[in-house]
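Several structures are given next for inspection.
Note that chain A is present in both complexes that follow, paired respectively with chain B and with chain C.
And then the complex of A and B:
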């Protein structure tokens, strides 16, 4: 679905030096980025601000022409076949609106139908589905400027799907949304990916989005790809420790000599123990039975490393 | 084509949602028309200046007042704002030709402006002042001339706005554009009032095509064909130039925003 090879984009910036002199210098926003995304995948494209995420998205959608490198999206060169491609992919920019501010939501959809030349029966089926799943009914006739952010984002996602795209690119889709709206949107997107087979490419700062939606993660920083792989593998690679948190019935000392446990932390006067262990050294099950052999266990939970931890460590590894 | 027609219709509807702005604009327009009328009436009181008698002056002023909001004689900032804050990304990725899409929207705006901004001041002028109506045969030519004026104006505004891709802060360019347009398009005084040596220079710029041209066609000053040809030339020229400018922007320039 997406094929990116040695993609590079440079910008020329001018800075003032002295009263009339300007100095030009070149900034590489994206520097030899390569990755492939197969049809039906859901991939998270993450990185800190200024990493080159949005520049990549702009090249994938044909808005920007790459300085060099090879890009194919849905089999075409985006900047050459921009209009063709736009009819086959959907894009949601979380911080931008593609709806007409002064018109009712329904009118924006209708305009998009004309712009994307969607046959009316297809349009109506897709719109009905989105209205049902995203509960747009109550505000379909409200001018976009009067919608809440959560309502507007549901409108934005619908707008991106009316022409039945095979690939949906989402640039920070959940930014600024409250928990409930985020959850509703994620649920919808997950279903879109698994039921409909729509390929998802998602940039986000909200790592919960990735955790919920994307089995695969591409991490980018300063224009280059830092890591690319399944979230689980990346986690095992850079953050192999997991933590077993056990609550005991009675305060107990000395759980730090358990096999495979690297560090421990004790809370609540010895009632709660955090036992850090490596996947390679022992299993959660073995550790639990070892703890249970020594003390009466009231409750326990295994904590996976947080995804932002994973990303932070990837950055640090450079 | 159908998509562009729908966009024009949407443009019409979008502008028609701002009724209060329309009423305020209309009132200001009439007041300024009276001021311009007063000045020019004094000027032609002793006798006609280069063919402008009081009826011609009244027609020139009130038609000009009406046309200025139809044609738009200042640099609007809609696209410039979208370039500055990065929203232009959305416009650039749609399956349309951005310049044509914006032109369609502008034609929708034009349609609404003809109803609420052109008709009232002209009716006001025709009611309270001597007025020169053209021959019926000139009316379709006036319609064509006005459409060409809108096209030239759109093309110029598109370019002034597109410069934002390079300058980011182009308030200077905007002000310069507005001042130049007002001076050279025939809004301050009829272009025939300029000295003879200046006229060919004026008409070799795109500015007269935006206002003086349709007014001259309405007033039946000379043959309409050279006027329409001049307008058509500028319409094509500014459109092509804008198209090239946009292409360069996408190749060379930072598209703002994350």
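And then the complex of A and C:
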């Protein structure tokens, strides 16, 4: 679905030195990026601000022309076949709208139908599906400027899907949304990916998005790919520790010599213990029974490393 | 097909504007008043002088009326190109690039300054007045010219608008420069070309084909020879000049968008 080889993009910046002098220098926003995304995948493209995420997205969607390298999206070269590509993919930008500000949502959709020349039956079906799943019904006739951000984003996603794209690219789709709106959107996107097989590529700062939606992660920083692989593998590689949190019936001391435990932390006067262990050394089950042998367990939970943590460690590793 | 989309976009914009009806009506009136104020200036000017660049008051009003109508139409259709810097800065232009349509057409369709209809109405009223107070050599050809001249003029103005605003792809705050050319050419075309110095005249007549908006067509309508010695044919070729201007504008826009996608923002 997406094929990227040695993708590079440079920008020329001009800075003022003195009254009339200008100094030009070249910045590489994206440098030798390569990856492939197969049809039906859901991939998270993450990295800190200025890492080159948006520049990559712009090259994949045909907005920007690469300085060098090879890109194929949906079988076409985005920079040469911009309009052709536009019909095959859907794009959602979290921070810019593609809806008409002072028109009701319904009118925006109707305009997009005309722009993309979507046959009416297809349009009706897709719109009905989105209206049902995203619950657009109550505000379908409200001008976009009066919608809340959450409502608008649901509208934006619908707008990007009306022409039935095989690939949906989302640039920070959940930015600024409240928890409920985020969750609703994630649920919808997950279903879109698994039920309809629409390929997803999304950039985000909210790593819960990734956790929920993307089995695979491409991490980029300063224009180059730092890591590419399943979230679980990345996590095992750079953040192999898990934490078993146990609440005991009675305050207990001395759980730090359990086999496989690297560090411990005690809370609530010994009622709660945080036991860090490596998955290579022991299993959660073995550890739980070891704890149970020493004290009566009231409650327990196994905490996986936060995905931020994974990414942070990847950045630190370079 | 593309025209249907355009019509739809424009229709949608109109509905959007109509949602503030009173404000819309007031704006239309304001535009008509603005247009006719410029006419008053000409009349005041002529209360002190009897001829301007060799033309009488009614002849100047004729030029002013053709130019004003043409500018009003152009402003209505292409005026939202003034929004280009905002589109570029906020990234809205990128959204246009994500759609399977040309960017210039989308830019033009992104809004229709319908309130400028006031300007067009004011211009047409002035035109009616000028036609009845001048000695027009009426024939099927001149009658056709009366209709064609403001339209060709509008195309010329729109082309100027496109070229001037395309500058914003290189210099994001190039708006002031663009305005100088767009609104400046309106001011220029409202008066006989003869009042300007030779260099300015040549620049506005041929580089920016402003003289073809009103000056030359008016000469043809009045059946007057060009005091500057241009052939009488010049009065009739505005549509050709307009077509050429449109082609040039299209090419400039394409180059500009290419530059944008190559260099980005």
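Annotations for the structure displayed:
Rule of thumb we're sticking to: the second predicted complex is superposed on the first by the 318 of 318 C-alpha atoms of A that agree within 3 Å, B and C clash if a C-alpha of one lies under 4 Å from a C-alpha of the other, contacts with A are read in each partner's own complex, and residues count from 1 in each chain.
Note that contacts are C-beta pairs under 8 Å (C-beta built on N, C-alpha and C of every residue); 3 or more make two chains touch, one makes a residue touch a chain.
Predicted, not measured: the structure shown is a model, and the values here were computed from it.
In the overlay built on the shared chain, the residue A:116 is in contact with chain B and with chain C. In the superposed model, A:188 makes contact with neither chain B nor chain C.
Of the two partner chains placed by the overlay, only chain B lies in contact with A:49; chain C stays clear of it. On chain A, the patch touched by chain B and the patch touched by chain C overlap at residues 11-12, 58, 61-65, 79, 82-84, 86-87, 91, 93, 95-98, 100, 102-103, 107, 110-111, 114-117, 143. Taken in their complex, chain C has these residues touching chain A: 1, 4-5, 8-9, 12-13, 15-17, 19, 90-92, 94-95, 97-101, 261-264.
Residues of chain A that touch chain C in their complex: 9, 11-12, 55, 58, 61-65, 79, 82-84, 86-87, 91, 93, 95-98, 100-103, 107, 110-111, 114-117, 143. Chain A meets chain B in the complex at residues 11-13, 49-50, 53-54, 58, 61-65, 79, 82-84, 86-87, 91, 93, 95-98, 100, 102-103, 107, 110-111, 114-117, 143, 172.
Remark: chain B residues 2-3, 6-7, 10, 13-14, 17-18, 86-87, 89-90, 92-96, 250-252, 254-255, 257-258 touch chain A in the complex.
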